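Each of the two complexes below includes chain A, the first together with chain B, the second together with chain C.
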Partner chain A sequence: MTTEEQHNREPILSVQNIKKYYPVKQHAILFSRIVNFVKAVDGVSFDIYKGETVGLVGESGCGKSTLARCLVKLEKLNAGEIRIEETDIVTITKRSEELAFRKEIQMIFQDPYSSLNPRKLVLDIIREPLDIHMKRMPFEERNQRVYEILNLVGLEHYHALRYPHEFSGGQRQRIGIARALILNPKIVVCDEPVSALDVSVQAQILNLLQELQEEFDLTFLFIAHDLSVIKHISDKVLVMYLGVIVEFGPTSEIFKNPSHPYTVSLLSAIPIPNPAIEKERIILEGDVPSPVDIPPGCRFSPRCYKADDDLCVTIEPQLVELKPGIFCACHYPEKDKQVIKY
Partner chain B sequence: MAEPTTHKTPVLSEYDRSAGMAPSSMWKIIIQRFRRHDLAVFGFGIVFFTLLASLFAPWISPYFNPDRSRVVDDPNEQLLAPNAQHPLGTNHYGADMFSRLVWGARISILVGFISGVLSVGIGIVMGALAGYFGGITDDIIMRIVDIMYAIPGFFLLVMVTTMFADFPGPPVLWIFLVFGLLGWAGIARIVRGSFLTLRERDFVEAARALGASDRRIIFKHIIPNALSPVIVIFTMGMGGTIMALAGLAFFGLGNLQDISWGKDLNDAQAYFRRAWWMSIFPGLAIVVVVIGFNLMGDGLRDALDPRLKE
Partner chain C sequence: MALKDKKPKLLEVEDLYTYFMTESGVVEALDGVSFDVNYGEPVGIVGESGCGKSVTAQSILQILPRNGKIMDGKIRFQGHDLVGLTDLQMNKIRGRKIALIMQDPLSALNPVISIDEQMTEVIKLHQDVDDNEALEIAIQSLDAVSIPEAESRIFSYPHEFSGGMRQRILVARALALQPELLVADEPTTALDVTIQAQVLEIIKDLQKKQDLGLMLITHNLGVIAEMTQRVHVFYGGRVVETATTEDLFSTPQHPYTRALLSSIPSFSAEKGRLEVIPGFVPQLINPPKGCRFHPRCPWATEICKTKPSMVDLGNGHATACHHYDKLEEY
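On to the complex of A and B.
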């Protein structure tokens, strides 16, 4: 899909300048007061178009999961708006409207061990979305739908009458996928769905997700910290650092010519099991700064190999379109930088 | 609790059954684990036996006067040692000790059970509210719990039972209430703790992301997972209540016209040297039943712990 084609279409998910701050409280004798904020997500905007898979990468603690939770409204936003097609989901108050939007966007969780209620049968777990949203559907028909979706995610019908503890991690993740897809949502937020699984099982689950995407015409926001997973599955990549987007663009472009120094260093960390391939390894100094005290200017400047003047430490760079479809937030973006030379 | 058998589920094929694929319910597994625990089964036996005795007291006790709903006193048979007619002897009024023991089981179980249900009920509701909603609700409920903990239970019990001695209704009603209202604080604290951890678990978040209402999340997702410690506390609490009840009656408090083991012990004080059977048997009954409840609770705790697999 080319950029022009996309510009003619309305995004299916549009995120505008969302912020999520968690208060840091100091406990006094009787009352507690707010002394600071953890700025987990600090002004993020992006659009996702129908049928795309957008990968979201970043270090631990950069706000990926918080962003995902904001999208499915598990967190209350401090600012910004999230639109699914035409509806702004942040301002929704009516229960019927909330149910309508929840039907459109579903989530697959990271940990397949804690995301399934241990006291419920798989049948009940997968049927729950129907119990909530389609109360009028006859009970037998709801069960029938569960058996159909079990089949689609690669499980057998008799698995419905078992408890989650009787399954392996990969099978549990299939159950989680079935639960997310039974309502036929338009968008699925996958919060590191394979990071808790064995490598061999990871591939199976990734392929399953891709098959289901084609079958149901799904749009994915796919969070991962494993870059090879992102490269395998996503059409576009969002690179996140300390609560903001630093780079956004088509996966192939970004993996070939990363613009932001942070993306460059991330890509340089991908292990390549081939000694013949030359690779420039950029090792970042220090730790990720605390999201409570965000560095002035560019957030990445204290660790950046390019930041050496006043501009970087005083003015925060905005996300601008470098090339058509490629956005980068850097004062000195790399041009034609190849990290991996084939 | 989700009972898998209540669902109308498609019939499993013979192949599935032969491959051992029939559903094995969580509760079946728990019962299996419990049965492996010999002492717990022994404790359950004692509790079960006591329950039977209290249910069928009118039929079991041989010297029961249905018109006056009490054990018959026979002035000609005072302070008889255990013999063929009175296997556990008679007391200073000439009442059969065995019959009194059986009736005593009834009151012990009744008070233990009803006040237990009361305190578990209040405790679950309070703990759930505090743990699920947090904030100011949590603060208020937990401060009340702290206050409850600061009150010395037994003295409050003594005070209240004496204060309400001349209130209308059978005195045992007040005892239910007092025991029930005293016990909920501990349960509320434990339920709140489970809620705090379960609230953050992914399956609860998943339910929320699906659009489940608060009521659905609390009743279908959190409470079934928070129930095991409550069951254990309920069981062990029964033993504690029976003991406290006996303690009250032993000191002659609680205004019990009813027969109870504690009252029998109180009566026995004056005849300690002359009639050993008056103190030994009620005392033994209390000890055995309390041990029974505690053993059963211990076994339940192990059986209900999801971390212990097979």
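On to the complex of A and C.
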């Protein structure tokens, strides 16, 4: 699909300048006061169109998971707007509206061990969304739906009457996927769905997600720290660093010619399982700074190989459109930089 | 090379069997594992979870959990068999000759003891030095892993360092005694990619400088490709393929290695379906008979229900597959 076609359509999910701060409290004997904030998500905006898979990458602590939790309203926002099609989901107060939006957006969690209740049967785990949202549907029909979805995710009927501990990691992730899809959502937020799995099982789950996406015309926000997974599954990539988006654009473009120095160093850091592929080595200094005291100016400047002492440490760069469809927040973006030489 | 051949290898593991006795039965974690590491050579051990990678490291250093036991086999280190040595004798080898870096840098350091004590303790135990000299050695080795301001930071506690720095401290502690062999068990799995790149660079650098034998255990084929010269592929408690890193990636000769390589999303390929290995990693409590990969192998035949032996294909390439000569046709 071309960019022009996309411009003519309304995004299915639109995020405008969302912020999520967690207070850091200092405890006295009786009282506690807020001394600072962890700025987990600090002004993020992007649009996702129907049927797309948008990958979200970044290192631990950059706010990927917080962003995912904000999108499904597991966290209260400090500021910003999230729209699913036309509805602003942040300002919803009525229970009926709340239920309606939760049907549209579902989540698949990272850890297939702790995200399934060990005391419930698989049947009950997968049926639970129906019990909440489709109360009027006859019980037998709800069970029938569970059996249908089990088939779709590659499990057998008899699996429904077992407990989660009887399954392997990959099978549990299939149960998690079944639970997320049973309400026919439009958008699925996948928070590191394959990082806990072995590579051979990871491939099975990635293929399953792609098949389901085609069948149900799903839109994915796919979070991963593994760039090769992102490259494989997503149409567009969001690169996040310390609570902000530093680069956004079509996957193929960003992997071929990354613009932001952080994306460049990220690509250069991944070990590539092919000794024949050459790449430029850039080793970043230091660690990701704490999101409590964010460096002034560009957040990446203390670790950046291109940073100067003037602009980069004083003015925070804004996300601007470098080329059509490619957004980058950098004062000195790279042009035609090739990190991985195919 | 001819000279080196006469010398015993740095590490030679021969037909090693390590079993675990559990309530639900005997787990055959290692089932006749043989491989070697040459002097100054970075060797990779790769496999999925439960394939026996970590148990191999634990067997070599004899730090198996209480219910684990080496049943049979030889572990020759510089020509001397380590199996059957007492704890007292092993203490002279652990740390001084063979050092270990583990996966989780937080649990490998004692949180209530400062770094200088944790480092000098090891140094004083193995070398005849006083406190000041030991501290000097410790600071030097922290310098070598690029810990900034090592002279003052050495008196800090583990929680004052980030994950990547902790792992570098562990590398420094392991290498302070200039061991002959470094066993690194998933040293960067808990770290972010940019930090992983830092730590790998340091290990690679020191490995070359100190002419260290490196046994790098990982599930990440990318790390293997960047760090090692030779690889042993593990599956279900056995070595299924041994090759130089280049050969392994260009001409894998075991169906498992082939499937593993094609199931990882590659950077060059266009978007499409990944090839998958059906089923899952076998349970070693009741492992499949014969070739342990045969229930998942697309080329399995009747003969695969018997145990295949390692076949040498030349140039250090060996594979444990009955159908090795026909793989090209598939």
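Basically, the second predicted complex is superposed on the first by the 340 of 342 C-alpha atoms of A that agree within 3 Å, B and C clash if a C-alpha of one lies under 4 Å from a C-alpha of the other, contacts with A are read in each partner's own complex, and residues count from 1 in each chain.
The definition used in the following text is that a contact is a pair of C-beta atoms (placed from the backbone, for glycine too) under 8 Å apart; a residue touches a chain by one contact, two chains touch by 3 or more.
Predicted model only: the values in this text are computed from it and were never measured.
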item	value
Partners on chain A (chain B, chain C) - clash or fit	fit
Partner chain in contact with A:A40 - chain B first, chain C second, else both or neither	neither
First, second, both or neither for A:L221, with chain B first and chain C second	neither
Which superposed partner A:L266 touches (first chain B, second chain C, both, neither)	second
Degrees between the directions from chain A toward chain B and toward chain C, using C-alpha centres, nearest 10	80
Partner chain in contact with A:V339 - chain B first, chain C second, else both or neither	neither
A:R179 touches, of chain B and chain C: first, second, both or neither?	first
Which of chain B and chain C A:A276 touches, first, second, both or neither	second
Touching partner for A:S115 - first (chain B), second (chain C), both, neither	first
Smallest distance from any CA atom of chain C to any CA atom of chain B, in Å, after fitting	7
Sites on chain A touched by chain C in the complex	59-60, 168, 170-171, 198-204, 206-207, 210, 225, 227-229, 231-233, 255, 265-266, 268-277, 283-284, 287-288, 340, 342
Interface residues, chain B side, partner chain A - complex	1-2, 4, 7-10, 12, 16, 21-26, 201-203, 205-212, 216, 221, 224-225, 306, 309
Touch list for chain C against partner chain A, complex	48-49, 162-165, 192-198, 200-201, 219-227, 245-246, 249-250, 259-261, 263-268, 271, 273-277, 280-281
Residues of chain A that touch chain B when the two form their complex	69, 72-74, 98-99, 102-103, 106-107, 109-111, 114-121, 123-124, 128-129, 132-133, 139-140, 143, 147, 157-158, 160-163, 165-166, 176, 179, 183
